[in-house]
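See structure below.
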Amino acid sequence: MSTTRLDAETIAALEADRRDRHQRALEAARALLELHGVDADRLVDEVREFSVAAPSWALGTGGTRFGRFPGAGEPRTVEEKLDDVAALNGLTGANRTVSLHVPWDEHDDMPALREYAASLGLRFDAMNSNTFQDNPSTTGDGAISYKFGSLAAADDRVREAAVEHNLHVIELGRLLGSTALSIWIPDGANHPGQTSFRRQFDRAAESLRRIHDALPADWLMFTEHKPYEPAFYSTVVSDWGSSLLLAQAAGPQARCLVDFGHHLPNTNVEQVVSRLAMTGRLGGFHFNDTKYGDDDVTVGSIAPFRMFLVFLELLEVGDGAMPTLAYLIDQSNNLKDPIEDLAQATDAIQHTLALALCVDRASLAAAQEADDPALAAEVLHAAFRADVRPLVAEARRLNGAALDPVTAYRRSGYRAAVAGDRGSGHVATGL
Amino acid sequence: MSTTRLDAETIAALEADRRDRHQRALEAARALLELHGVDADRLVDEVREFSVAAPSWALGTGGTRFGRFPGAGEPRTVEEKLDDVAALNGLTGANRTVSLHVPWDEHDDMPALREYAASLGLRFDAMNSNTFQDNPSTTGDGAISYKFGSLAAADDRVREAAVEHNLHVIELGRLLGSTALSIWIPDGANHPGQTSFRRQFDRAAESLRRIHDALPADWLMFTEHKPYEPAFYSTVVSDWGSSLLLAQAAGPQARCLVDFGHHLPNTNVEQVVSRLAMTGRLGGFHFNDTKYGDDDVTVGSIAPFRMFLVFLELLEVGDGAMPTLAYLIDQSNNLKDPIEDLAQATDAIQHTLALALCVDRASLAAAQEADDPALAAEVLHAAFRADVRPLVAEARRLNGAALDPVTAYRRSGYRAAVAGDRGSGHVATGL
Amino acid sequence: MSTTRLDAETIAALEADRRDRHQRALEAARALLELHGVDADRLVDEVREFSVAAPSWALGTGGTRFGRFPGAGEPRTVEEKLDDVAALNGLTGANRTVSLHVPWDEHDDMPALREYAASLGLRFDAMNSNTFQDNPSTTGDGAISYKFGSLAAADDRVREAAVEHNLHVIELGRLLGSTALSIWIPDGANHPGQTSFRRQFDRAAESLRRIHDALPADWLMFTEHKPYEPAFYSTVVSDWGSSLLLAQAAGPQARCLVDFGHHLPNTNVEQVVSRLAMTGRLGGFHFNDTKYGDDDVTVGSIAPFRMFLVFLELLEVGDGAMPTLAYLIDQSNNLKDPIEDLAQATDAIQHTLALALCVDRASLAAAQEADDPALAAEVLHAAFRADVRPLVAEARRLNGAALDPVTAYRRSGYRAAVAGDRGSGHVATGL
Amino acid sequence: MSTTRLDAETIAALEADRRDRHQRALEAARALLELHGVDADRLVDEVREFSVAAPSWALGTGGTRFGRFPGAGEPRTVEEKLDDVAALNGLTGANRTVSLHVPWDEHDDMPALREYAASLGLRFDAMNSNTFQDNPSTTGDGAISYKFGSLAAADDRVREAAVEHNLHVIELGRLLGSTALSIWIPDGANHPGQTSFRRQFDRAAESLRRIHDALPADWLMFTEHKPYEPAFYSTVVSDWGSSLLLAQAAGPQARCLVDFGHHLPNTNVEQVVSRLAMTGRLGGFHFNDTKYGDDDVTVGSIAPFRMFLVFLELLEVGDGAMPTLAYLIDQSNNLKDPIEDLAQATDAIQHTLALALCVDRASLAAAQEADDPALAAEVLHAAFRADVRPLVAEARRLNGAALDPVTAYRRSGYRAAVAGDRGSGHVATGL
C-alpha cells in the first residue's frame, strides 16, 4: 500500500505560499458577493457539508471501443483504489465515500476492506452490480451469457443469474456498510424487431421486484435510464418515464438516478430532475459532462450553465439546501490523470453548488409569478456571473483540503510515488 | 357550396382507363404475397376498415414564421372545409371523420353543421381547443392574453379563461356528435428561470382535472406532449412521461396522444407508443413526418420504415388488427395543394398499414424469444419489402374510392372548380 | 417621433444612487482579477471599443408560426425603429449601428433617413434582402412568387426578380452609407425528390455571382448557412461547407456568416468559426442563443460557455483583440420587451467578451502544445469563473451608457412614453 | 484452413427446393415492375455488376466499450478472414474484394496472401492504416503513443511515426494489388481548450501532404470525417467541409469518404454525398446504419429510405449507373453471426440499388423543374414501394450465389465447421 498520504498537514505545507493570496481573494470576493446580498458564511458552510461519491472504476484511465491508453501507477487492487480516493478526498474534502462495482471490486474479505476504508476516512456509497459483461464469477464460466440481455433477457436462466448477482452485491454491500444498490440494466436491442418492447419491459420489472424483495429495510435501490449504448436501437430503461414505471413496479424503496450523459440530444435535463423529484422517486445524480452522448467527460467541462440549472433544481428539492440523495461522479476520462480529472470534477461541483446558492430564490419566484421573464433572467445571471472561487477554496481549507487541488496534487508527487510502488503498463478494472 | 363532388361514380369514370392495369397488378401482387404466406383478402379487409381523421386546419396552405404562400381556392368557411374533406374522402375512402379546431372553426349553428357533414358522409372526430393564440372570442378582446401561458399560466384569470374555453369546446363537440377533446398545452418557457417547472406542472394538472370533471361520461380527453415550439426552452408537457403524469392527474378518461414530430432528435417513437399503450393511456396517433422537429410534412415522406414500426406497435396493441384509437393526420404543408398533400398522406398510411399486416407476428415473436436477431430482421424485411400497392388500391376501389388518388384528383379539376367558386388570395384559418 | 432620449446625462441621473456601489464593486473586482494576472484597464478599453449592430426587425415583439403577442408601443416606421435603437445604444453604448431589412424597411427618402440616424448617433450596418416572402414591392403583385424558391428557383423569372431585388438593396445601402449586403437564401425542399441538390446549388451560385458583380468595390457580401426552416428536408446553404463553396463561387468579396442557431444538434459552433476563419472567408457572427433549432432567444440565456468559446475563437482571429467583422444581434423574442431583450443580449455579449479577454492565451497555447489537457482546462476556467461585471459596467459608464441597462431602462419610463406616442395593438414589421 | 467452400454448386444444392418458388416470384415481380415501366433486365444486370468490399475487421464479433461477447469459430488469421469473405461472397456474389486494416492484418508474406486471396476469387480493396491504438509494431513498444493524437499530434515524433506507418501500409498495399489508402484520423479533443483547432488542422494537412507525396501514381487516398468518438468534444476531420479542405490540401489524388454513422443528428447524408460529388472529391461510401451515432449496425436495419436516397445520389453521379467509387461495408455488429450480418448488409445494399434503379429519373427531373413537389414524391414512391426481391435473387443466382443468403448459410453448416477447425473463446482482431 502506498505511503503517500495527502492529509491536511501535508496539503497545507504544499500550499503555504498560497495562503496570503487566498486571504486577499477571499476578502475581495466577500465584498463583491455582499453587494449582491449573498450570505457568504452560509455559502461556505453548505459547500463544506457537501460530499460526492468517487467511483472505484474511474481511478484507472478510461477507454473507448477504439482503444485504451493506460497511465502510470494505475491501482491494481481495491485497496489501491481506496488509497487513490483518499488522496482525492484529501485534496477536495468532498469525496468522503466511494462507490464499488462488482465483480470488478470483488474482494474476499469485505470486513477488512471496510476497516481499511475507515482508516482512510472513507465510507461506502451505493453498490453497483455489473450484468453487462460476462465474467467467470457472474456468468458461471460460460454457463450463461449476458450477450442477449440480463435482467430482461428472454432466457429464464440468464435472468435468474442476473437477479442472483444483484442479491450477492447486496450481501457484499451489507458487509461494507453501504445502504443502496445501483442497477443499470444494459438490455435493449440493436435493430427493430430484435425484441418485444413490452415483454422485455415486463421481464425487467419482474426481476427488479425480486431484487427489491431482498433489500434490507434501510436500503434504497436505484434504476438508471439511458437511451442507447451498448444497445443501438432501444434500451429497456430508455428514458425517465420508463425508469419511473420500473421503480414503481419494483417497490417503495426504488428510486431513479439521473446521469448527465444519458439523454437524447437537446434534452432539458434540469426538467427531468424536477419531474422525478415531483413524483418522490428522484434517487440521485451522476455527475459528468457531455456534448454528444454518454461521453463521460469531466464535470463542468462542456456545459457549466446546464449544471448550474440542475443544482437549482436540487436546491428546489431541498428548499435551499442540498437534499440527501445519492451523488456520484461517473466519468471515464481517457486522457487526464484520473485523480486530476476527479479533482477537477469535484471542484466544478463545489463551484456550481456555490453559484447556485447565490441565487435569490425568493426574487426568482416573484419574477416567475409576475410573468417577468427579463427580470427572472437578471436574477439568474446575478448568481451565475459571480466569482465564488475564493469561497469554495475557503470551504476546502476549512475542511483540511486544498485551496487549489490540481496544483497541490502536482506538487505532492503522488502519481510518481504510486507509479514507483505499483508500476505501469497494467490497466485498472473499469470502463 | 361547391358542386364538385368526388363520389364513387365520378371517380370510377375518371379512372376507367386504369381498371385493366389494376387487375393485372392485383393478380401479380397477390401471387407474390401468397409466396410469402400473406392472407391478401384479410389485408384488403383491414385496409378497407381503417379510417383516419382529416384536420380542418390543413385544408389551407400551411405557413412558417417566415411566411405563407396561399394557393387558389382555399376554403373560406367551415362548410367549405367539409367540402374539401368530402373530396378527400372520395379519393381515399379513408377520411370519414374531420377534426375541428376552435375558435378557428367556431360556427353559430352546430346542428346544421352536423347535418351538412352527414350529407357529405362525414362525422366529427376529436375537438381541438386553441389556447395558443389571442382571439377576440377566447381572450375577451384583450381582457386576458395567452402570451405567458394558458392552462398552466401563473395568472389565475388566464387559467380560468383557458378552462372555460375548453368547456365551451366540449359543448360544441356534443352538438356535433364528437366524443373527445384534444388539448395541446403550449405553455412553457423561453429561458431558464422564466418559470418553475413544478408550479407550472401543478397548475396544468389542476386545470386538466377541472376540464375532466366536465367531460360527458362517454368522452375521452387527450393530452399531447411536445418538447419545444412555440416555447424554446421548456414545455409543460415536454415528453411522454409528463403527458402520462398529467393524464393520471386529470382522471380516468384522460389519454395521451403521440405525434411523430413531437420528440427530441433520435427518439424511438415506436417505443414511446409501446410504453403508453402498456400503461393503458395511449389515446391515439397524429400522423405526419419529420426530419428535424415538428416539421409537419407529409406522412411517409421522410422515414417510411419508422412509420412501419409504429404500425407494428399499434397492431401489437390490437393483437393483429388496428385498435380503436384516435387517428388524425396533422400536417402543415406549405407547398403542395392541401388535398393532394392529404391524399398522399392517407395513401401512405394505408400503404404502411398494409405492409405491417404482412408481418408474420408469430415468427417474429419466436425469433425474439430465441435470441435470434438475424432471423427477426429477416421476418421484418420480408414484410417491409413487399409490394402491397395493388391491394391498397383494391381496398380503395371496394370502398368506392380511387385506385390512384392524386391522378384522379388532378383529372377531376376539383381545385380549378373551387377556385372559381371561392376565389384566391385569402388564407384559410389554420397553421 | 419620440422625444424620450436616453442620453448620457439622463442615464447618469437615473443611476445616481448606484454610483457608489459601483465604485466598491469595481475595486473588489479589480483586486480579484489582478490576482489572476488580468490587465483590467486593457479589458475595459476593449469592451468600450466593441459594438454590435441592432437588427431593425427585432424592435417589435417576435412571433412563431403559432401566433404573435405584440406589446405596447411597437415602432410603426423605420424612424421609430431608429429611435428604439438609439435608446438601446444609450443604455449599452455598444449598439452604434443598425441593420435594415428590405422591403420591411423600405423608405422613400434614404438620404433623410441617413441624416436622421446620424442625428441619433447611429450608422447603418449590413443591408438584408428578403426573398422569403411575397411582398407587393418585390414580387410584382403576384407576377412571380418565392413559394418554390428565390435565388435558386427553377423558374428563371423568379431568380431574375430575386437578383434584381438584391441589386436594389445594394442601391439603398449605398444611400445609407452601408458597405455590406447580407443574403440569406431560404431555398430548399420539404421532401426528398422535390429538388435536385446539384442543380439548385448551381443556380444559387450563379445568382450570387451576378449580385457579386454589382457590388461596389468597398462592399462585402455575406452568405449564411442554415440546415432547415422554412424548408424542412434540405436547404441550399445547409452548412458551412456549402456556404464556403458558394462564397468561393460568388467572388472575392463574398464572406460567410455564422449564426448560433443555424446548426444541427450538437454542432461544435466554435470550430465552425475557426474553420471559416482559416479559409479567410469568415464574415461575421449573428448573436442569439438556442436550445433546439433557430430559436432566436436572448444571447447568453441558454449556453453562455459556448458563447465564451466562440469569443475565444474570434480573439484568436484578431490575435487577442476583436477582429473587424460584421457582428449582429439576431433575436426574435416573443415575450420580453424588445428593448430589454436587446439590452440583455448586448450586456451578455459585453460580459462574454470581457471573460474571453481574461484568458491567458499564452499559457493556454503552452498547455496545448505540452499535451496537458488538465492544465488547459484550468486556464480556461480561471477566466470563465471570474466576475467581470463591474468592469463591463465601467466600460459602459465611460461610454456614457448605463451601469445596469435593464434597471435604467425601467426607471426611464421609455416604453410607456412611446406607447403614448405610438399606441398599441399594431405589429412592427419583422419576424 | 477451412475446407468448407460455399461455391456455386454447393449453394445451388442447398437451395434446390427454392428454385421453383423463385421462378414464380420472378415472373410476378417482372409483371408488376413492367406495369411501372421498369426495365427488369437492365436492373438485374446492374445488380450483378455491383460489388462492395468486405471489411476484414468485421468477421469477428464486434464490441462496445462495455464489453464484447465473441462467438464460436472467429477467424484467428488473415487467411481465415479471407476464407470467411469467400464464404460471404459465395452467398452474395457481391463481395469480391476485401479491405485490410494494418497492423491488425499485418502478415509476413504479402505475395502469398495475395495468391491465397486470388485462389478464393478475391482481390484487395483500399488499405486501412490504424493510428488510433498503440501497438508494439506501430508505436515502437511505447517509444511514442497515440494517446494525444497521431497525424495531427503536437509532438513531432508522434506525427512522424504516424506518417511512417501510413507509408508502410502503402507498401503492403502495393504487394497486395490494392490501389487506395483509407486514412481515418482519430485526433481531436475531449474538452474545450485541449487543442487549437487551427494548429491541429494545419498539422493534419501537412501530414496528409507527406503521405500523398508517397502515393503511387495510380493510387487514391481517402480522408473520412466524423464529428466525435473516440474524441468527445471535437475532431480534426469533423465534417465534410473539413474533409474537403484536407483533401484539397493533401493533393489531387485525395478523395473524401462518407460513412452513414459519421454525422450529427438529423444530417441530410444524401446531400453531403451530392456536395462532395459536385466538387469532384467524392471517393466512396462506407455502408452501415445508425440511429444515434457511429452505431455501425446492419445496413438497412434502421433507415432504409435514407439509404435509398443515397443510392439515388450515387446514380446521379454515375448518370443512372453506379459510379466507380470505393464501396465498403463498415459494420461492427456485436450480436449476430458476423457472416450473417454481412450477408444481410450486402443483400440490403443490392436491394436498395435495385429500388433506386426503378426510379424514373427523367420524370423526377421534370417534376423538379416544374415545381411540382407532389408529383416528384409520387415518382420516388413508385420506385421505393416496389418489390424487387426476386430480381435481386435472380442477379445473385446468375452470379452463382444464393437466392436467399441467410437461409443458405444456415443450411450450409459453415459456422459449425469452422468452429470445429478454429475453436472458440478467442477474439478476432477488429473493433
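Read from first to last, the chains carry the letters A, B, C and D; within each, the first residue is number 1.
We take it that a contact is a pair of C-beta atoms (placed from the backbone, for glycine too) under 8 Å apart; a residue touches a chain by one contact, two chains touch by 3 or more.
Just so we're clear, the structure is a prediction, and the values are computed from it rather than from any experiment.
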Inset, instruction - Using mean Cα positions as chain centres, tell me which chain lies farthest from chain D. - result: C
Legend entry - Chain pair, B-D or A-B, that carries the greater number of C-beta contacts: A-B
Legend entry - Distance from chain D to chain B - Cα centre to Cα centre, in angstrom: 40
Inset, instruction - Return the distance between the CA-based centres of chain A and chain B, expressed in whole Å. - result: 43
Legend entry - Contacts with two or more other chains, residues of chain C listed in rising order: 147-148, 190-192, 194, 227-228, 233, 265-266, 268, 291-292, 298, 301-302, 305, 335, 373, 377
Inset, instruction - Could you pull out which chain C residues touch chain A in their complex? - result: 21, 24-25, 28-29, 31-32, 35, 265-266, 268, 291-292, 298, 300-306, 335-337, 340-341, 344, 348, 351, 373-375, 377-378, 381, 384-390, 406
Inset, instruction - Provide the residue numbers of chain C that touch chain D in the complex, in ascending order. - result: 147-149, 153-155, 189-199, 201, 227-228, 233-234, 238-242, 244-245, 264-268, 270-271, 274-275, 277-279, 305, 309, 313, 316, 364-365, 367-371, 373, 376-377, 379-380
Legend entry - Residues on chain A engaged by chain D in the complex (per definition of touch): 63-67, 69, 132-134, 145-148, 186, 190-192, 194, 227-230, 232-233, 265, 290-293, 295-298, 301-302, 332-335, 431
